[in-house]
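Presented below are the structures under discussion, each in the form of structure tokens.
Look for chain A in each of the two complexes below; its partner is chain B in the first and chain C in the second.
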Partner chain A sequence: MTTTPHHPDPSAATTSPGVETVDVEPIAVVAEVESAPHTRRVPPGSWRLAPALALVALAVVGPWLVPHSATEVVASPAIAPGGDHWFGTDSSGLDVFSRVLAATRNDIVIAIAVTVVSTVTGIFGGLLIGMNESRAGLVGWAARISARVLDLVQSVPAVVVALTLVAFFGTSLWSMSIALAAILAPNQARLVRTEVLQVRTEAYLDAARMSGQTELGLTVRHVLPNSSWPALENATVVFGAAILLTSTLGFLGVGLQPPTPEWGSMISTGASDAAVGRWWSALFPAAAIVVAVAAVAMAGQLLFGRRR
Partner chain B sequence: MHALKKIALAATGLLAATTLAACADSANSAGGGDAGGKTITMVVPDTSWSFAIDNGFGGSEPTINVQGTLLRKPYVEASSGGALQQNVDEFEGYLAESYEVSDDGLVYTFTLSDAVSQAGNEITTDDVLWSWERRINSPRSVSMSVQAPMITSMDQFAKIDDKTFTITIERAGYGVTMLALLSDLTAHVYDSTLLKEHATDDDPYAVEWSATNVNHGFGPYEVVDLQPNAQVTLKAREDFVLGKPDVDTIIMKVVPDAGTRANAVRSGDADLASGLQPADLVELAEGEGTTVPVIDNPNAYVLMPLVTNKAPFDDVAVRQAFGYAVPYEAIVEDVYQGKAVRNGPSFLRRDRPGYDGSGFTDFAYDPAKAKQMLADAGYPDGVEFTITVSAAYPDIRETAIQIQTAAKEAGFEIEINQVPDAAYAAGRVDHTFQAFIVRDWPITLSPSYELLVYTAEGGSNNLADWEDPDFYAALEKGYEEADPFSEAAGKAWNAAERIYVNEAPILFIAQIQPNVAMSDDVGGFAWRSDNQLDFSQLTKS
Partner chain C sequence: MTAFLARQRWWLGRVAVLPVHLLGFALAVFFLVRLIPGDPVLTLLGGQNATPETIEAARESLGLSGSMLDQLGAYFANVLTLDFGRSMITGQPVWETMTTRLFETLELAVVAMFGTTVLTLAVGFLVVMKPRNPVSRVLLAYTRSAGAVPDFVLGVAGIFLFYRLLGVAPAPLGRYDPTLLPPPDLTGFPILDAMLSGDTALLQSMASHLFMPLMVLVLAYTPLLLKLLVRALDDAVDAAPTRFRIASGGSRRAVLLSVARRAAPPAVAMLGTLFGYLLGGAVVVEQLFSMPGMGQFGVNAVNTSDLVSLQGFLLLVAALSLVVFLLVDIVTMLLDPRRRPGRGGEGAA
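Right, the complex of A and B next:
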């Protein structure tokens, strides 16, 4: 692992000494930039943002685009895809296409909320623990205990924790978001804590101390930007994991209340149908999960991916 | 591998798994060994089998085939399809060879057969009396909650000799219900000789011992292999009192997913599947090589208690208005796909003397009328409430969605609260829900029992927490008749049910058919009023 301080600006990171880049600028883009010197330069691989942006756009406007109500019975049950119902209807007579589209908002809102909450709390938690672990006294003792707790939490299956938290907090959009954030935040904190342990030994911190900076100022100005990078990079993984966990809870029958459109719940209710050949009510939401996770993963790699 | 790629791969795997499930047939094999002779393999939902009902209630299908009762209801052929069904108004000997009734209708004298238990002990009067002692004295037993007021104490029993005893009841009008109860799963006779050997100071009736040592009865089968809530294998008994059953071995396998169960019987991996979804039943009925039994007058209902101990259903006008906001026919057609019927607003059989359903409010879907009734009752802006459903029953969830959609037009804003089955069961007993939907049936089919099963004063099974003095008074008039099927009794039952229906504490939405499918080479489906399958009637060609 390099000892070069990380920098939150990806373009700066690519030029850091000792760090090699793997991104190759498309020739066409380079040519375009060279021939149009007054045009703003398009960052390489920007197209990878497009699916995620489309997904967010869909989450915003999707519920207004649906051809049928996503929560009301609109036709006979188990109509195969085609005609008025492009993705067919499920066993309740709900339109699968409308529900897949409308579910985007619920799943994305949960995923964004979980990602933001778990990353922010993870960063600050990891920072606090990492900076205080070597201290003497009660603070140091608490930090060391917290570090072990973070390790311990990793050994408990996330689904079991999620089931317990959802049973406790209920199954509203926000309670599920909080429950999932509570599950995913420890890993973020663990990543940051590991980075803090390394960063705090850097010579430039000693230099900053000698220049008279307080410990708090030093932490905020130097340690935070250089150690939060792993959590930011991991944020897209958290985003994908939140979607998959939400879907898992839905599949286990403890997700959002029916008939709230949510991909996992749709797979859950469609699983039995799929087993007897009525594949459409489970397949389309499953495909939506794949597309959403892949889109976010691509965007994440572009935004936060470590250049090597 | 990069973590992002792992997630993408996992998600792709999810998609692939769903696709494979859609294409699966024998991949979901229920399998089944052949233990020699005729074997039937069944795939069943997980109903938490209970082999000792005195130790707590649970799925009873294996139990009723291991245990026996004094009497049974004779089977007759259903009018179409070849299925057998109980004649619920008559009773014939089973472990009791015969019974006689005194002239005043109060004393029933039973003579026992020479039935032998799985342990080889011949039945005696002591077995019967000890079995009743056990259920009366077992705190976890659910049996006695349904026996009252017919049988409430051991004082009603008298031993005459080893093979003869009497039961005395307080009123002649209790007689038919008592006989029906003696034919059902809450009145099994145990092998007391065997169980006494395993009684301890802490477990004086060997209740806990019998929960896991299941061969302690006089029924047609014995358990030869038991993997709790996973698989049980039963072997037909050569020395069964009514003759050895046709099928030598029954293998019951728990397969949680209804679609997989349907697939198993379709592909021939299983001979019989139960707990199927309506859409699958329709396909299997139309498909080749499989049969879906149909009976004439099933007792299973989809019903919706409107809990009266809290708003909004503490107001009878709201309950009655909601009676017009339920899309009964849409539920029958779309959820149950024709495997159910709307039997009017009530549930008692209408083919009995004196009973004609007169005076019943005929609730049918009429949102305009419901809205007007709500406005007249002081709710011009409509009413909001929550329907609770169990996550274990997809058809019930689908029924709730149908109601949610249709009732909106009538001014009812409904939220659906889907909860795990355990939470659902607790809320049902504690009356904490505003409304809920349940698929249920009265095990014993006598008018007085059916009218009281969901409405008993102070009873945990009083689903809507509804207690109406006029209703109980009307019921008393029925009890006064010695023959519950007389013209006068029929009128009394009609009067009681009229109050029940019109006050609308429970909406009886649809009467549903058994959810069983069998391969064509299996015959002898026999419907019982407890909706458990009698294996001793099954045949295999």
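Right, the complex of A and C next:
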């Protein structure tokens, strides 16, 4: 055999029919070619992950870094930014900088919980619905009805549903996470279901069936890894949506209740300040929301962006 | 006659399932209320004082007495006759209160939707036709950040800038100057009523009061629509039918028309979602600019734990959204026959 591993020459293998291993060799060569440029280096544009990572880091350590208490009155109200209070104090004398920093954890914890719960349940639900939709009998009917329900749930404004859910089930960190996850999971399930219907027509599923794979094994081994990517890709969008919904509820005064630091509720108290010219108590939490959502969107674009 | 019906089946069938969807949502709300731990009325009221009579009346209108089957029957009887009970706080009938407010919110959402659509079409045209233009690059970047700047942030910024600093906008308190008389109740839509009654002073006041809330909605939600329009146009441009038309020597106009026609259905489908967003945005904007409407009604109901009003609010908004989705579905099926039921294959939704 004349071909060397690092400089394979496929034509040499195919033009020498006398060699006994000829129909095995090209496969090995192709594998060699694909693994050849395997040099470890940082992919280009990785810096775009940095803001999102910094955000998570701030959520972890933020509450310990605050210079003042985030939930107690620490100074006289309406001090302009500068000096001891970098972002000033709001109309009741709470330190804006400390609150913006401490709120990071609340907003990010909800967003992470919502993303994980809605993506996992979405993938599971989408898989369940997609795999059973063409079945006869009750299961098939249930799956087909669920698929329609997923479409319909999309039509009701998320803010309205969120408003009612938090009214019904309370505004603790966890009940809010679950309420928002319930709102955002149907879309994840829809994305997965569409992909499952696509994957189900693939030939490799027939091959797996013929080799004696059970339907459950087939779903876990082949359908799950091939059809969950749309939901994973959408996870950063869900994360952003969760932050926006949390802060919108806070702004409407029905989310996490003050004095728990939360960006949305800070903006709602800051709005009346802004109307009389004290811009700082609304500006900084607003900037925090925009930066957080943009940071996550940027990371998502790096990880999954293939088109605008 | 039967042939006519068979040909019209695609939309008749879609209209016929609407009541089923509505009942499904009503059923979901029924069980949602029962998921509230403990006695829903007492749980929600918490420490607030309500007389035993109001609590009993609330249970009555929510259908919370008797066996589960009795409850379901009573609930559906109430919903079907549009009897949503009386507010636990004010004692006003919920349905009457909601319908007057619904028109105010609908008007806001529809005008904002019109503005968003026009702006999206204008900007989308520029971005797709002249992708290298610096202006369209800036616009595309803004579109990519779609939704990062939430509506209430834009609103607070607008109030600070235009009301406080520049003093060109009126105080964010209501739809018109509170010293003016409200428009006569002709259609229920405030702007339309003011126009019909020919009250120019009122109309002027409305224009200046509503300009900022509408701009907030338009600027906050245009990127979402634009992103999808640009994507749909890109897909349509980069498709075999476009190449076929160019290759067979079609005029520029014919090519563009074909692109627009193929991009239209996904863009129209997006309008339904946009309407949902705008209803949600209206909730926020009404709160920020102290405008009466459905949003304020809902937020008040949450803040006062008024379960009866809240249930009515959810049912009405859900019903409205379902009707809008029905319209959007029919329009997309009208534009793209491949989306009609019973026509499988490529493009069938």
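Please note the rule applied: the second predicted complex is superposed on the first by the 263 of 308 C-alpha atoms of A that agree within 3 Å, B and C clash if a C-alpha of one lies under 4 Å from a C-alpha of the other, contacts with A are read in each partner's own complex, and residues count from 1 in each chain.
Here, a residue touches a chain if its C-beta (ideal position, glycine included) is under 8 Å from a C-beta of that chain, and two chains touch if they have at least 3 such contacts.
Keep in mind the model is a prediction, meaning the values are calculated, not measured.
Novice: Once chain A from each complex is brought into register, does chain C clash with chain B or fit beside it?
Specialist: Taken together on chain A, chain C would clash with chain B, as the superposition shows.
Novice: Go through the superposed model and pick first if A:240 touches only chain B, second if only chain C, both, or neither.
Specialist: A:240: touches chain B and chain C.
Novice: In the superposed arrangement, does A:76 touch chain B (first), chain C (second), both or neither?
Specialist: After superposing on A, A:76 lies in contact with chain B but is clear of chain C.
Novice: Identify the partner contact of A:300: answer first if only chain B is touched, second if only chain C is, both if each is, neither if none is.
Specialist: Touch status of A:300: first partner only.
Novice: Touch check for A:254: first (chain B), second (chain C), both, or neither?
Specialist: After superposition on chain A, A:254 lies in contact with both partners, chain B and chain C.
Novice: Considering only touches as defined above, state whether A:164 meets chain B (first), chain C (second), both or neither.
Specialist: After superposing on A, A:164 lies in contact with chain C but is clear of chain B.
Novice: Looking at A:84, would you say it contacts chain B, chain C, both, or neither? Reply first, second, both or neither.
Specialist: The answer is neither, since A:84 touches no partner chain.
Novice: Give one of first, second, both or neither to describe whether A:154 is in contact with chain B, with chain C, with both, or with none.
Specialist: Once the two structures are laid over each other on A, A:154 reaches chain C alone.
Novice: Could you give the residue numbers on chain A that contact chain B in one complex and chain C in the other?
Specialist: Correct list for chain A: 240-241, 244, 247, 253-254, 267, 271, 274-277, 279, 282, 286, 289-290, 293-294, 297, 301.
Novice: For a test of understanding, state which residues of chain A touch chain B in their complex under the given definition.
Specialist: Interface residues on the chain A side: 72-73, 76-78, 91-94, 234, 236-237, 240-241, 244, 247, 253-254, 257-259, 267, 269, 271-279, 282-283, 286-287, 289-290, 293-294, 297, 300-301.
Novice: Which of the residues in chain B come into contact with chain A in the complex?
Specialist: 3-5, 7-8, 10-12, 14-15, 18-19, 21-22, 24, 28, 257-260, 262-263, 266, 277, 279-280, 283, 330, 334-335, 337, 391, 394, 397-398, 400-402, 404-406, 408, 415-418, 420
Novice: State the interface residues of chain A toward chain C in the complex, per the touch definition above.
Specialist: Residue list for chain A touching chain C: 149, 152, 154-161, 163-164, 166-169, 240-241, 244, 247-248, 251-254, 264, 267-268, 270-271, 274-277, 279, 282, 286, 289-290, 293-294, 297, 301, 307-308.
Novice: Would you pull the chain C residues touching chain A in the complex into a rising list?
Specialist: 21, 24-25, 32-33, 35-36, 40, 44, 140, 143-145, 147-150, 152-153, 155-157, 159-160, 163-165, 171-172, 227, 230-231, 234, 272-273, 276-277, 279-281, 283-284, 287-288, 298-299, 301-303, 305, 310, 313-314, 317-318, 321-322, 324-325
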